[in-house]
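Across the two complexes that follow, subunit A remains constant while its partner is subunit B and subsequently subunit C.
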Partner chain A sequence: MQIQLVNVSFTYSKKKKRAASTAAPSVLHHINLTIQSGEMLAIAGKSGSGKSTFLQLLKGFLAPTGGQILLDGIDPNTSKRPDLFDQIGYIFQYPEHQLFSPTVFEDIAFGLQSAKLTREIKEQKVRKAMKAVQLDYDEFKDRSPFELSGGEKRRVAIAGAVVLEPRVLILDEPTAGLDLQSRTALFDLLHQMNEELGLTILWVSHQLDEIVNHACRLLALKKGEFIADGSPVAILSDPAFLNAFGWEEPSVLIVSRLLKELGITSGNDRISPEEAADAIAAALSLHQQQITAK
Partner chain B sequence: MANNSFLLYQKQNTWIERWDPRMKITVSLIFAAALLLNHHLLLKTAQIALLIFLWWIAKLSWKVLIITILSLTIFFISTMIYQSMLITNPGDTLIQIGILEYSAEGALNGLLMCEQIAGIVLLLSLLVRTTSPIILAEGLEMILKPLKKIKLPVHEAVMMFTIALRFLPILVEEIDKIRKAQIARGGGFHRKGVSSRWRGILPMLMPLFVLSILRAKELAVAMESRCYQGDHGRTPIRKYKLHPRDYSILAFSIVNLMLIFIV
Partner chain C sequence: MIEIQNVSFSYIDWEDEIDNEHSSRVLHHVTTSIMTNEFVALLGRNGSGKSSLTRLLNGIELPSEGAVQVEAQTTRNSHNIPSIRRAVQIVFQNPENQQVGLTVGEDIAFGLSNIGYPHEQIQERIAWAIDIVGLDADVDRPVTRLSGGEQQKLALASVLALSPRYLILDEATSMLDPVARKQFVQTLHEARKKHPFALIYITHHLEEVLEADRWILFRNGHLYQEGLPEQFLSDKTLLQECGLELPYLRSLGLTLRDRGIPVSTSLDVEELRELLCRFN
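== the complex of A and B ==
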């Protein structure tokens, strides 16, 4: 699904301005943007830059105060088609806090209740969603979601969104509070859904390394405006940009840049840790040979 | 994100905020008594006008005042209906609205009752909105101090009251978040009929309870780790002293109470 934002602005109503300024200035100014089907897109920005507001506009929780949001060319807000927003899955921060059912199966099937499906189709869909999030159906379906580990709970919550077969998945800081292992597993999962199901994936992240490693496009939001849009590697190796955000260069890029400057590698702006290790090992053994030769 | 700042006390440093909390609570009680004992329509209206005047002095928003009054509509309506049924005097029908017949006495009683409800609510919201919860709790605790002698857990009760007040806005925010989260994965149940919406209640309440219990647990640990052990051996951070202004408002509220018996 193509998502298009045409000159979108959003302001919380003026009367609340006094209160809003003490909390978060959540205002967006004239945003023009097109998100193509199948993108892996990261959104970065400080707190209060309007990230949440932007995501809620995409899901239709908020309607823009100016401009239009087009889903496949149709504006669901003005053409009275709120059902179009159902094609967008939205996973909030700490989604495991929304679990409520006695069993994992019922929790995941919550979204299917209003669709009046037969038991078999329902089961099939839940099975598919659980497979997508790599939870074993027979092992987990009858367990209480409250007794699972943090990473498992989060996967159940994601399955609850995936079961509706959305075409776009929005995640608000999906890795917050997860350990390294669960984080890696989560991104493997997102990549897999992106490739196999063709899902467009948008996520908010504060981890620059995560963005460099997983996103194909980065949107950087500052004070309600996208000040950068493009390849994460290009954006995050630009010192002027990093300065503007007060960020440090991601370690992946530092290693890549140093190796390039030393002449050990060439060309590629971002190399994987394995490639870096190989390149360094090769360079060291070359150096060793040169010493022994002397 | 729902803006729920209207639920909270906001520091504005107005004259009313500087009143001593003990005196503020005492005066509120006297004023409430005056409101309840007063059966004179004009005087009661004057009392409410005084409350609205204080609202203005406290620089509170008019919008909040209107919302507060409007939220009582259902009480007003039910009171008026009740009064029309209770006090019937066929010879003395003042107004007739549909099947509701008001005698002069019934209408007067209904109006008085409505004013009473509005007055008490305004008084309490004025008290809560012009006093920081902590100062309010400290004031309450000082007033209730004598009850400690008969082993009533005054401090604990006041602390519970403070915490409940403090967590109200957070709860509202949480409900908003959970509602959106369940809508996001609910397959559009919120757009369908009543029975479908009804099914959305449990998915809202369950996470809310779980989160509240978790939060209470965390709060207890956080308080204990900061060496909170209840009232025992606790020294106050603020000392309260009564100023002439506090005595003058007390005097004024007593005059206000006496006025009822004179008129």
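== the complex of A and C ==
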């Protein structure tokens, strides 16, 4: 699904009120951008920059106060096609706080209720969603979601969105509060859904390392405007951009660049600490050999 | 000081469950103490017992076995609870869970009027709290118009206003961008310099707690190890078992040392540059 924003603005204050009070800050200003099907895209910015508002506009929880959102070329807000928003799955911050059913199965199947499906089809869909989030159907279906670990709960919550077979998945800070293993597993899962099901994945992140490692495109939002849009490696090593946010360049980028500049490595932009150490050790020993030879 | 003496805990209250079914226990025989004005990091995987322990420290939950004493007052005696709750404050992961007011000002005022803070000084205290956390919002801003990160700052402001002696932060920086997270931690340390309090900090990100006085590592509900951060910073495997990842440069420094290249454990970019330029 192609998502297009044409001159989109949004403000929380109603027009009437704005006349009375001077404080009617617009949250998003004149945004123009296109997100193609199958992108893996991270959104970053300070708190209050409009990230969550932006995501809610894409899902149709909010309607733009100016401009248009087009899903595959159609504006769901004006052409009475709210069903188009159903193709976008939305995972809130800390989605596990919204689990409420006695069993994992019922929680995941909740979104299917209004669809009047037969028991068999419902089961099939839940099975498929659980497989997509790598939860074993027989092991987990009858368990209470409340007794699962943090990472497992979050998978149940994601399955609850995936079961509706969305074409786009939006996640608001999906790794907040997760330990290393759960974070790694979650991104394995997102990459897999992106590659195998062709899902567009959009997520908000505050972890620059996570963005460097997993995103193909980064949108950086400041005071309601996207001030950067492009390759995460290029953006996050651009001093002008980093200055605008007061962010520090991720160490992985600094080290990768340093090694490349010195000719120690040839072109790896995101070198791991182990690879970097190996390359440095090799360069050092070569240097020593040269000294002894002289 | 908070003393945690041989504490076990299960969310299920049935006695037979505790006798027979150890798997329902989230904490097993934990003994440690939190000193006055200490900065302690509680680390471990999701479900390892960190958050559960903090819920026992101010009597939100009571231990199934053992005892928790805050400045010599046990949490088991309900008469002690009001003063314990005042001394030990928590900022939770999800700030929405602890909002009570409709506006920023009301939210901060709620706790203050609850503890009988002099009415005429409340407005001043609210302004102080908003300022100290760097929240960019006036007192009349509805809490529903705050972003996730701003809500986290508000939650911190609301508890700092109450001058806690022990402050527990349960992943309270998770919704902040890197700069805001750094500022938040700095703000805390500055606030601690002016009005010392103990800081009990739960996180999955080590770079936030490199300056802690002590790390306590939890595994499967057990207090696994505790000590100075330096003791653990060279043990990648142990940290990984606890769901933690070394910061990039630390990890690079350690790996270089493993390869016989003498760099300091707290390797920084400058040191690396010097090392590399020496032979290039």
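As a working rule, the second predicted complex is superposed on the first by the 261 of 294 C-alpha atoms of A that agree within 3 Å, B and C clash if a C-alpha of one lies under 4 Å from a C-alpha of the other, contacts with A are read in each partner's own complex, and residues count from 1 in each chain.
We take it that contacts are C-beta pairs under 8 Å (C-beta built on N, C-alpha and C of every residue); 3 or more make two chains touch, one makes a residue touch a chain.
Predicted, not measured: the structure shown is a model, and the values here were computed from it.
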Subunit C versus subunit B on the shared subunit A, clash or fit after superposition: clash
Which superposed partner A:242 touches (first subunit B, second subunit C, both, neither): neither
First (subunit B), second (subunit C), both or neither touched by A:208: second
Which superposed partner A:12 touches (first subunit B, second subunit C, both, neither): both
Subunit B versus subunit C as contact partner of A:59, first or second or both or neither: first
Touched partner set for A:117, first subunit B, second subunit C, both or neither: neither
First, second, both or neither for A:277, with subunit B first and subunit C second: second
Partner chain(s) touched by A:197 [first = subunit B, second = subunit C, both, neither]: neither
Which partner reaches more residues of subunit A (counting touched residues only), subunit B or subunit C: C
Subunit B versus subunit C as contact partner of A:97, first or second or both or neither: both
Segment of subunit B that clashes with subunit C, given the candidates 39-47, 147-155, 219-227 or 255-263: 219-227
On subunit A, positions contacted by subunit B and by subunit C: 12, 52, 97
Complex interface listing, subunit A residues touching subunit B: 12, 15-16, 19-20, 26, 52, 56, 59, 61, 82-83, 86, 89-92, 95, 97-101, 110-115, 146, 160-161, 164
Subunit A to subunit C touching residues, read off their complex: 12, 44-49, 51-52, 93-94, 97, 149-151, 172-173, 176-183, 206, 208-209, 245-248, 250-252, 254-255, 258-259, 262-264, 273-274, 276-278, 280-281, 283-284, 287
Subunit B residues within the subunit A interface of the complex: 1, 3, 5, 63, 177-178, 180-189, 191-192, 196, 199, 202-203, 206-207, 210-211
Residue numbers on subunit C that touch subunit A, as the complex places them: 44-47, 93-94, 97, 136, 145-150, 152-153, 171, 174-181, 204, 240, 242-245, 247-249, 251-252, 255-256, 258-261, 269, 272-273, 275-277, 279-280
